[in-house]
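Pasting a structure below so you can have a look.
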Amino acid sequence: MFDKFHEECGVVAIYGHPEAANVAYLGLYALQHRGQESAGLAVSDGKTIQCHKDMGHVADIFAPEVLGRLPGHMAIGHTRYSTAGDTVFRNAQPFAVTCNKGPLAVAHNGNLTNAAALRRALEAEGAIFQASSDTEVILHLVAHSRERSLADALREALLEIEGAYSLVFLAGNRMFIARDPHGFRPLAMGQLELSGGKVCYVFASETCAFDLIGAVYMCDVEPGEMVIIGPEGMHREHFAAPRNRAHCVFEHVYFSRPDSLVFGRSVQMSRENMGRLLAKAHPAPSAEFVVPVPDSGVSAAIGFAEEARIPFRQALIRNHYVGRTFIEPSQAIRDFGVKLKLNPVRYLLKGKSVVLVDDSIVRGTTSRKIVRMVRNAGAREVHLRISCPPTLSPCFYGVDTPTKRELIAANQSIEEIRRFVEADSLGYLPLALLRQSVDDDQRFEYCYACYTGDYPTEFVNIEELMGGKRD
Amino acid sequence: MFDKFHEECGVVAIYGHPEAANVAYLGLYALQHRGQESAGLAVSDGKTIQCHKDMGHVADIFAPEVLGRLPGHMAIGHTRYSTAGDTVFRNAQPFAVTCNKGPLAVAHNGNLTNAAALRRALEAEGAIFQASSDTEVILHLVAHSRERSLADALREALLEIEGAYSLVFLAGNRMFIARDPHGFRPLAMGQLELSGGKVCYVFASETCAFDLIGAVYMCDVEPGEMVIIGPEGMHREHFAAPRNRAHCVFEHVYFSRPDSLVFGRSVQMSRENMGRLLAKAHPAPSAEFVVPVPDSGVSAAIGFAEEARIPFRQALIRNHYVGRTFIEPSQAIRDFGVKLKLNPVRYLLKGKSVVLVDDSIVRGTTSRKIVRMVRNAGAREVHLRISCPPTLSPCFYGVDTPTKRELIAANQSIEEIRRFVEADSLGYLPLALLRQSVDDDQRFEYCYACYTGDYPTEFVNIEELMGGKRD
Amino acid sequence: MFDKFHEECGVVAIYGHPEAANVAYLGLYALQHRGQESAGLAVSDGKTIQCHKDMGHVADIFAPEVLGRLPGHMAIGHTRYSTAGDTVFRNAQPFAVTCNKGPLAVAHNGNLTNAAALRRALEAEGAIFQASSDTEVILHLVAHSRERSLADALREALLEIEGAYSLVFLAGNRMFIARDPHGFRPLAMGQLELSGGKVCYVFASETCAFDLIGAVYMCDVEPGEMVIIGPEGMHREHFAAPRNRAHCVFEHVYFSRPDSLVFGRSVQMSRENMGRLLAKAHPAPSAEFVVPVPDSGVSAAIGFAEEARIPFRQALIRNHYVGRTFIEPSQAIRDFGVKLKLNPVRYLLKGKSVVLVDDSIVRGTTSRKIVRMVRNAGAREVHLRISCPPTLSPCFYGVDTPTKRELIAANQSIEEIRRFVEADSLGYLPLALLRQSVDDDQRFEYCYACYTGDYPTEFVNIEELMGGKRD
Amino acid sequence: MFDKFHEECGVVAIYGHPEAANVAYLGLYALQHRGQESAGLAVSDGKTIQCHKDMGHVADIFAPEVLGRLPGHMAIGHTRYSTAGDTVFRNAQPFAVTCNKGPLAVAHNGNLTNAAALRRALEAEGAIFQASSDTEVILHLVAHSRERSLADALREALLEIEGAYSLVFLAGNRMFIARDPHGFRPLAMGQLELSGGKVCYVFASETCAFDLIGAVYMCDVEPGEMVIIGPEGMHREHFAAPRNRAHCVFEHVYFSRPDSLVFGRSVQMSRENMGRLLAKAHPAPSAEFVVPVPDSGVSAAIGFAEEARIPFRQALIRNHYVGRTFIEPSQAIRDFGVKLKLNPVRYLLKGKSVVLVDDSIVRGTTSRKIVRMVRNAGAREVHLRISCPPTLSPCFYGVDTPTKRELIAANQSIEEIRRFVEADSLGYLPLALLRQSVDDDQRFEYCYACYTGDYPTEFVNIEELMGGKRD
């Protein structure tokens, strides 16, 4: 409903817990903001893999009786956002199959940039695909590998795929965790101490999953690293030579929960930094209040308010009881869609000049509705501040973005955008200050391609990828 | 899941809109925080009343095809919270029946304090009740009235019932709106201008419903007032002599949405006042941050932070993707229930002294878990501040409260409570300052019975009412 | 789908079984041919009555977990056929209420001929009805009775109602069974011996229910009799003076299962008699085969074949996997509806002259389709024989019939009907022989009103009743 | 519930109807007796294949809105019986995939005897299977074929598979129909004339499907034949050299509907023949009635009665309202399972000597319950006659049979079986007379392996096949 970029997935993996399905379920529960369209778990008791997945929210899919039918000490889980067209059950993950390397399940966060070419080659050799997901390519590569062992076949497959991937694999009696050599998407490793001194290993896209299940964050799975855990213990190796790091900065700008560590760093801290530096770059001296666009604008607004010494006020209230379908009366209500989620507090806004802090502008239409809503509630001046640079380019590394043609900042100047959204002033966080916010101004470890168009990898076929973005 | 008092209902009524069901649905949508267990609509096209209600959330119950089967220009709606035992479909509202006064539907927010006695008398005369709700008593009083007209029968019935009620009635071709003489529960009236200069009348428990549907707040339905709207226009009258007003102060403390006007007054303003006066009454000079318990503690925390000149920080993050069923692993996680909803931001709390602002303590168990969570995340000191006085007495006017025995403040001193919740200090807003927060220190128009035990009405049978609270 | 009269209900009651709900469920299971639209059970453990009912088939409604939630040693059950318009959940039975005589549930097979007048009088006194069923009138009569005891109130109510009723009542700790003074609808009593020498009492519309649960048929509940069973044992009494008996003959012609005893008499025997006497009255000397219209025509066809010494052949096959919804291609198939249920065996019919035996003709349209189907499959001659007299008049005693205008035999001569159904000859069983088939040619204990228009009771308001048949 | 062999599937295919999905749905509707666990349709509009399948009955799966989403002029359908363990959605058919030969869907009746070996070989080459069905092997053979055209790849695949198969394939713009060289399972071809003189081609397992949709039977698809239908018309060819024919005789004994032509021959005629020859081989001179075990024993019983000149009587009534779950009271009812389906007519059986005619005895347990039921209902003598020879061997050609160990006739003499089922006499139809019944005593075109153990094909691995029968 809101005009935001969307994270396409969250993953979780558990090794060594007597109720692995329950723990993985809780991990998914904490990662639902990364995808609410479908969710799934694959569980192994050391021999057999069982998989359950469905469309919908985690808590609806995994009723107690369902979890009770998923016994085992190893589990992987996946939660998924899908764009409208392909919200089909067949693409829900994990994918669980039996092949010549034995039973195998996989869950994937990211996007393979050479999936279409690999798929064509595999199909020419006789492979039959179940669904349209790029993830399935990996399974076919493993099945077609001439390597005898699953580990070797996996290594071979990982060297063939390109792009962004944080992968968790479940085999009959062991688990494989891998992250692409650039480290686009996050993947954290943690430990959970069980009674009797045993240790359970936990992997998740964000550390908020560890907090819920009581695990402790240890480190990130490194870019280019594969972790193997089985009865013989844990083994870590680099399956690929190191490449330039390219952590997705948008995880810190918007996607991740503020209570998570992502790429080893507090998201809340990054966002408060963005707010403070935004206040320095684009102050709003005449403003009487700083108002966040909830929920994602709150952290930056607090930073902005503190730096600018302007009072912070919650003058937009968010309705959290939101369902799927809405009947808009034919005598339509003005700015209906935004009103379902946000409502202004007139008492606070009446006659005031306010700074509105949000995390991004995609098409500009939602921002305009919010500015109007604030002004109609009585605000005298509305100064819009965005806690990242203008969004210019689509993403091919696992984020659902509209085409370049739809991105307002790719087509209009900042002054034109200001006029479109009907704000009195508009300021974006400069790229240099965004780098400073995530402490990357010296290290160059993040990907900023959506703000710059400089993609950190080369593409086999950029037109095909662009087509996938429905340009 | 959280240990809070619960509002039992929200009501809405629409007269004069060609898609009355759709508009009433949107009104309920905005009032879901007042009850999420069941929802219903009754609609009339001037002749026939049709009713649809079910367990669950508003947006799940009213799919487009359901609303399409509810044609008419008049509608009433209800959303309901139920305590565990009686979450049964039979008690969902509106109640729609046909009796000797014609077709009639009713939706009710409040609680009748003489319902049991009236029910016994009606049953002795042969009345058969469908359900256990006190609301049904009103319908039987109307059916048993010897008055000929529905309006007269309603007046007679209203004079027999006692307690708290904001009622909306739908008859075949007109609508009746009534509020009890004390005005316990809110009920606002608004207008929506339609194309062609026509006016649609709208009634709702809170004005946030008006905002969503684009209506303008006009005034409150007055205590003791009945509004009749039909083909001949609107008529307002007082069916009962005025009595001392007794607006529920807890609407401003916790229930209502901060973006609503309730009893004609901004809820957000009241809450910020509570925070400011709380900071004056119980400052926390050593604290480095003010942290709200989201979402209901945010407004008071902002007021507190501003008055105390201590930085405001969002160090507890709320998970809004919450479902119904949870599987707690048998190797149970510490403070599991609270972790499902809240997670601390360690980076902010580590080594800090913080003021935690919440709106109430009921049993104390949740507060203790939250204090522990904050401390386990690294906080050095935790000072708990509550934006209302200690809660001492159950409510009989439409709020779901535990028994006196379960209310910690009814049984322990403030110092004992502080030790129980494991806070370094604890401060409640004094009653006098709560009155000042809602501007009632001169006017005496609010009910504070849950803080004082002084009930503004006499009871037929207090033991029976107490039994209803399962003491 | 087939053009038949419909039985409106089946009832069952169990007293003294530790798993009364399970046993009553099995009883309903055996009675599903008496109504498949909805089913319900009300169960008591001696104190509390619990009721579960729903639309659909018995086996779908009562899953094991549902039955597990219905503990008690007493149960009543109901299965119901509804005409299209009012197939609503609200009319499903049993009705369970609490009134001034305590908790009470009722299930009813039959139809009250003065229900509308009683309802108007009760509504004038303030009664609020939940649904449109005539059965609810009985509950309101009990609640409005000035008698103190439930038994007395029931006796009073039974004396006020007129028409056809086989009723089973469940109160908190006892059970009441009653049958109208004419004995229109069947109601049998049986016994089930439990381990330890205890006896369980069982009541059901037909004895096939006893066979499934292993009970033994004892006798019928007599017309005008009320049976009371409680902790003190069983008590039988006549609540009304004897009247002329009027057992529904159509139970033997079509409704009841052939394996049942109904009114103390084997249904199969009656039907074979009808077939034999039909062969005497209307032989078909040129025919080579006797072919039944399955399933209801089979028993009479066997009797006909034997008497006429013509071979019996199953040349029409019935498809028993029938669901609810069918998509007829727009290039419609000839006689589609009948083809879904019946298919001819061409090998048997080719070039043959056949006698087709069916149990009734209502509108004639289905019969015509069947005759055509047989002829299209190659039959040279089709002689149609009907095992009852022409159907002339609607029923007001619990059978769902079309209006007189729709009954072909009420409007056309037998020769006209023969031409309409396109048969080479047509013969109906004469009334005198139908009486002989059920051994009623001397006793005069059956109702033949649908064949004669002579109703055995007087009516308060025949126009209103006729209106109910949608004339 | 009954102890019978089970047919594993029925298939249907439609070419050239504007509403192909609707027509195929009706075809499946008529074939439900061949499998009620799952059903599916794949439809093509000449370009895109869409597939819908689910667990359950045909009429429940294909609601009007589902069929409305399946546009196209070509369709294939499948209805399936599954043994308990693998009743999983993944094995429901048709299988629809996209491979290097384009989009392809398949539905299969039969069983491939070399599927396991082929699957192992394909998996070794990297193939990933979705499910456990042998049918999927065919799709992988097509995808792995080096032939360029789909037709050539299909021919190649058909030459690799062994065993029983009646296959219908749907490609984007054409359809392929194939039957194994032995002709184990039936497959009939028909025509449906549409308005405008166009012809629609129809294929189905039995001709009863043609009757429902109004099509005319033309001929069988021949053993070893492939039919190709596309925009250019119909083409018939033999993909394999002729082999000895081996039509499944059990189709005539039990599986098929009596109103069908199967292998070009009336099933009803075969069954009446079996009954007549059974009466000659094993008369029962003392018997007063011939009683069929409904429904499958009826045709043979009619033949028996006629030949033996003993009256035919329907003394066992079948309850057709059967659901899935039953609650058996803990004070269990004797022979509960059989009672749910059958009930005796005591009036007919009392004191009589009867011949009971059934079509088969598998384990013997059900037969014993039925004999007891008849005797408990009063029969003096019970002579059991079975309209086929003793069942000795499991089937590997598409019929679900228990293991040899469970087949009573494989382990006990006829006298032992008679004692086990508690009959007064027992007679099976001799093999020679079964051959005569289907007119195969000269032609040798049927498979009688379940009665003889002489399998008409050689097996790659008989132990593996036996294991599949869970020995």
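Think of it as A, B, C and D in the order they're written, each chain with its own count starting at 1.
Criterion: contacts are C-beta pairs under 8 Å (C-beta built on N, C-alpha and C of every residue); 3 or more make two chains touch, one makes a residue touch a chain.
Here the structure is a predicted model, which is why all the values come from computation and not from measurement.
Colleague: Would you mind naming the chains that touch subunit B and likewise touch subunit C?
Modeller: Chains in contact with subunit B as well as subunit C: not a single one.
Colleague: Quick one: point me to the chain whose Cα centre is farthest from that of subunit B.
Modeller: D
Colleague: Does the subunit C and subunit D pair touch with the same residues on each side or with different residues, judged by whether over half of the numbers are shared?
Modeller: same
Colleague: So how far apart, in whole Å, are subunit B and subunit D when each is placed at the average of its C-alpha atoms?
Modeller: It comes to 63 Å between the two C-alpha centres.
Colleague: Would you mind pulling out the distance in Å between where the CA atoms of subunit A average out and where those of subunit B do?
Modeller: It comes to 36 Å between the two C-alpha centres.
Colleague: Can you list every residue of subunit D that touches 2 or more other chains, as numbers and ranges?
Modeller: Residues: none.
Colleague: Note which residues of subunit C are touching subunit B in the complex, please.
Modeller: 97-100, 123-130, 139-140, 143-145
Colleague: Using the touch definition up top, name the residues of subunit D that touch subunit C in the complex.
Modeller: Interface residues on subunit D, with respect to subunit C: 17-19, 22-23, 25-26, 29-30, 32-33, 36, 57-60, 62-64, 67, 194-195, 208, 211-214, 257-259, 266, 268-269, 295, 298-299, 302, 305-306, 311-315, 317, 319-331, 333-334, 339-340, 343-348.
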